[in-house]
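These notes open a run of structures that come right after.
Look for subunit A in each of the two complexes below; its partner is subunit B in the first and subunit C in the second.
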Partner chain A sequence: MSSPAAKMAHGRNARLLLMAAGFTIWAVAFIALYGMLSVGCRFGWDRIDAVAGISVQRLQLLVLFAVHVAAGVALAVGLRPPFPREGAGGHFVRWVGYWAAVAALGSTVFSFAGVFALTACY
Partner chain B sequence: MACTLFLAGCSGPLSALEPEGPSARGAATLWWVMFYGSAAIFVAVSAVLAMALFRPAPLRRLGPEGMIRWGGIFFPLSNLVLLVIAAFVLGERLLATPRDPAPLRIEAVARQWQWEFRYPDGETSFDRLHMPAGRDVDFAVTSEDVIHSFWIPRLGGKIDAIPGHENVVRLRADRPGTFGGVCAEFCGPGHTVMTFTVEAHEEEDFLASVDELGNGEGGQ
Partner chain C sequence: MSIEQASPNPIRLHKELAALWDTPAGWGRLSAVNHTVLGKRFIVAAFVFFAIGGLLAMLIRVQIATSQTAFVGPEIYGQIFTMHGTVMMFLFAIPMFEGFAIYLLPKLLGARDLAFPRLTAYGFWCYIFGGSILICAMLAGVAPDSGWFMYTPLSSSTYTPGINADVWLLGITFVEISALAAAVEIVVTVLKVRAPGMSIDRMPIMAWYLLITALMMLFGFPPLILGSILLELERAFGLPFFDPTRGGDSLLWQHLFWLFGHPEVYIIFLPAAGAVSMMIPTFARHELVGYRAIIVAVIAVAFLSFGLWVHHMFTVGIPHLALAFFSAASGLVAVPTAVQIFAWIATLAQGRPRYDVPMLYLGGFFFVFVLGGLTGVMLAMVPFNWQAHDTHFVVAHLHYVLVGGFVFPMMAAAYYWLPHFTGRVSDHRLSVPAFWLIFGGFNLTFFLMHLTGLLGMPRRVAFYPVEAGWDWLNLISSVGSFLMTIGFALFVVDLVVQVRFGKAFRRNPWNARTPEWAMPTPPTSYAFGSLPHIEDRADRLDADKLGAELAGGSGYLGFTRNGWLETLTVDMTSGRPDQLLVLPNQTFKPLWSGLATGAFVLCLLFKFYWLSLAALALAVASLLAWTQGMGAREDVGALPIGRGEVAAPHWETERPPSWWAMVFCIAAEGTLFASLLFGALFLWLVAPGWPPPDAVSPGTILPVLCLVALGSAALGGRGALAALTAGNSPSVWLMLACASHLAAIVLLASMAAGIDDPTAHAHYATAFVTLIYAAVRSGLGLIFAGHGLWRERGGYLSQARSLDLRIGKLWHDYSAVTGAIAVLAVFATAWLVGSAR
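Now for the complex of A and B:
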């Protein structure tokens, strides 16, 4: 069984992951959209009408976009100030994590908003 | 003298900086914008560095937060936004979207280490591509073995040639002429010699050239 000191150290290390959480969501969105774009084009989903003139291809990309934006918003809201007291260094890690999450959310919207208008296949 | 030698490499049949069609012109325009833009950024950063060394007072008034806000966030962000928008607009222009009447379609089949071009009436040519000047041509690009890439630097492209998959790129030569084409994806020991010649003809000459191929003069 680990000692209380080891548990505290583990908690501090795990908090470091918060700093990367926002851009991890961005990276997952990138891989999901890139991968599903290719899959959809291969299966001709751009030629199948889903609803109101929107193709299955664009619809699935829009859903992926919305899911990752929602995850980014949830993370930023979860990390927003005021930060809880967590001992030396904890405040700083939260602060970096929060602003990294905000930057990643902006990047997600900016980088992938092309799914609304850009040509999906051809 | 070193600059002259380097710049000498910017011309010739494979020069993307001497565009002969709308697709390559778009890429070249973006290249020049990035070239002059990065030169201006280099000069600006050098000026700030010189100020920091010799006249630091104005920078001190700006403060570290101001430097980060303007130099670290606003400046690179505005540049990136402009570049991404330009890339999206230019990228959309390259797409071979369906239209009526459909442009001439030529198949480009890559294999180690040769290009085969197939024309609408079944004619074929090897490592020599004939195309009409002054109108769009859709190139349906695929491969019979490994991944290659079809690139005519003075007309535009490039696009991957993938086994079992067909990619289409729409190119146009503004005027008749002879241009170079290459495989732009490493494909084995013969990659460097996997080149082809592009001959853009006037309409009548194009038809005559392709007819000759049909008579068995395509060669290999």
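Now for the complex of A and C:
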């Protein structure tokens, strides 16, 4: 039923989600890290050495942290200026999306940097 | 279709539009669906509840004024402080913001009404009936008494055996329906129901705040609704979600409650911040500095506020690393909040500020809210939090944040927009002493609570010993609270004086530049005689000039047609007009639906469970009756909308507001379902008393058949739509969807019935509820499919008119996917339990 014009409108509207993309990565990182922290503690992964004195628990948390930071960096790089002219509202969406992604990246690093040092299960 | 083409005469246009849009007099007032009428009713009702909450606060302050002044025992005192918090949070703050949003939003967006006027009315009735249940219970002496957060096990049936806790769980859930209805309404309205030309970057800043707040409500309220349902199931039927002796955990309640509870603080603050962002540019005589930066900041606040909830639980015994996550996020949220504050200061610095009464109240907001924010950062730090937890320091902090962040801005907003409501301006003789009494009384009351808190005074105690040395500080706090009350009384008197005796004015007394002032005041029921074409950011308008032009009918829809209540929808991003939205007329149906929903809640409250099924059926039937007469029995095609443009009526378009409403309802419902899965996982990971003696065993055949039925239901929904759009009858496909949903219900119920004793352990209870919940979703799918058949028989469906089936398809797909997840989740938890054994 979708006409080409309607499909274009759907695509334009879907791009509104870009404004929330950065902090969605932050939210997913939060769920993943908090969830896996609980799972690891439940199964005693903090008492199992993985490599070079780093426990399985800390290693998996570090990997999750790195994956989400990398995703945040990729998003910010993908949205970086100059912003293409995409008609009314399009430029604005990219601008907001980019700066929200930068803010979210900083938030991810700040919120979860504790995985490097703090005791995981006590 | 005839067009009763209006003459350029604004008077004639007004009469024609008023005849369609006005709410009837007498009993007809109960049929109101108009946003201006309902917005005012929400605000007045919220203010009444505010007065009730304030009186309860006075009782609290009398009780603890000194160690010798206690006049009620701990049982009644528990009811008083519980009802104070409950009324202020659920019956005042949220509905007050909803009222402002309902009244203002269409006017800010250049539209004639909200997307779903009957939903607004239904939300209003749910709010009134739910609130009344709570107040009646209080008058009967059976009010909730476990604190506004209803912590288990205190609120469990063992320790609260009466109906006190049930009143809270059912009454508040009833009110939450209102809040979710408003959230869907606001989101869809902001995204779709705007004036042509109002692209996403031209919206008034308040619309951004309301959009983001409403989205937060969609994701923030479901965890509380789920928690309330689970706790009520535990209290009523013994399903042990929070009982640690049977595999439950009281911490699950705390997680579910604060997953809602902390975002709630920002849900209350952000609309008020939106109002601040509207008022400051007007009084600074300079457009808002950092419009885009503020939007980024509000998005950041919205997300970060969902990562703070555990700072209410820092003392329950959580690993250091987890504490660090929540502590960091709690501190971090101050940054985007500060961005907004600096943007307001910059706007004042860049402009030529002029003083008026709203600015006085905004000054109070800055002072009080910033102090509350700073103590918030203190409480975000774990070591300090451990010291101050559950003391009056926290009470002081939360009042600085909530009164500073909501009450002061809303009082400023009252003075700013009251001329819009009434068409009168005040000479403000009482507003200044009222402010100083409120401001002085507030700080006297709550600043000293920081000190009593630091001296160790705990919250929620009905008595304290004279040896503690807290008497003088508490007495001064109590005196301050009475000064504040006198100030609020003066504020009310001042509003009444303005409404009754204020000077009339023509329009726009503040020289504001936003669309809501481009209309006569008090506003007409249809808001705009014709709809504007927005060519710049919506806070850069010449409201006086635009208002006169629109009243003359020179914009869009400057005429009446077929007795329809018309407004326009736009493409979300570009603001190009894309649909003619035909709104429903005044009707009593929302009132009947509200009454039926209220009857259902009351049946549950008084444990008439079989009767409650009849009330539920009545409520569903009354909601289905809303669709009667909506849409058309013949294709209409594109119609003229003015300015040489045409648009199709919304039921002949692919994604009208009702389609989007279903998308956002599904998002909220999905959050509720995800919260249930989180609960099951949480209990398996953390709760004591695991594993249970045996894992549930759903078998193989029933689950496989169930997955087939769910898939078949989705196929039926899709096939029906495909058949209709190809010009064929969708009946067979819809019947397939009906039969498949029915089969899924039977199979899911059979699997649930196969669980021996769901009350024996939380593992069985979560599996039972997960399956029943999936069956309920299939029940709704059955209703949607049956509704499609009914609409087809009525002649409302055609190739062009497929909206009913497209909405149904969304639900059929969703219920199939989540039904399958539910079945697999039961298998997964059973496997986890089995492997742990």
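As a convention for this text, the second predicted complex is superposed on the first by the 121 of 122 C-alpha atoms of A that agree within 3 Å, B and C clash if a C-alpha of one lies under 4 Å from a C-alpha of the other, contacts with A are read in each partner's own complex, and residues count from 1 in each chain.
Note that in this section a residue touches a chain if its C-beta (ideal position, glycine included) is under 8 Å from a C-beta of that chain, and two chains touch if they have at least 3 such contacts.
None of the values given here were measured: they were computed from a predicted structure.
For subunit A, the partner touching the most residues, choosing from subunit B and subunit C, is C. In the overlay built on the shared chain, the residue A:93 is in contact with subunit C alone; subunit B does not reach it. Using the contact criterion defined above for the overlaid structures, shared-chain residue A:23 touches subunit C, although it does not reach subunit B.
Judged by the touch definition given at the top, the superposed model places A:122 against both subunit B and subunit C.
Within the superposed three-chain model, A:52 lies out of touch with both subunit B and subunit C [touch as defined at top].
By the touch criterion defined above, A:114 reaches both subunit B and subunit C. Common to the subunit B and subunit C interfaces on subunit A are residues 42, 110-111, 114, 118-119, 122. By the touch criterion stated above, subunit A contacts subunit C in their complex at residues 1-2, 6, 9-10, 12-13, 15-16, 19-20, 23-24, 26-27, 30, 33-35, 37-39, 41-42, 61, 87-93, 95-96, 99-100, 103-104, 107, 110-115, 118-122.
Within the complex formed with subunit A, the subunit B residues making contact are 81, 84, 88, 91-92, 95-98, 165, 168.
Contact residues of subunit C toward subunit A in the complex are 199-201, 292-293, 295-296, 299-300, 302-304, 306-307, 319-322, 324-325, 328-329, 332, 336, 571-576, 578, 654-655, 681-682, 685-686, 725, 802. Subunit A meets subunit B in the complex at residues 42, 110-111, 114, 118-119, 122.
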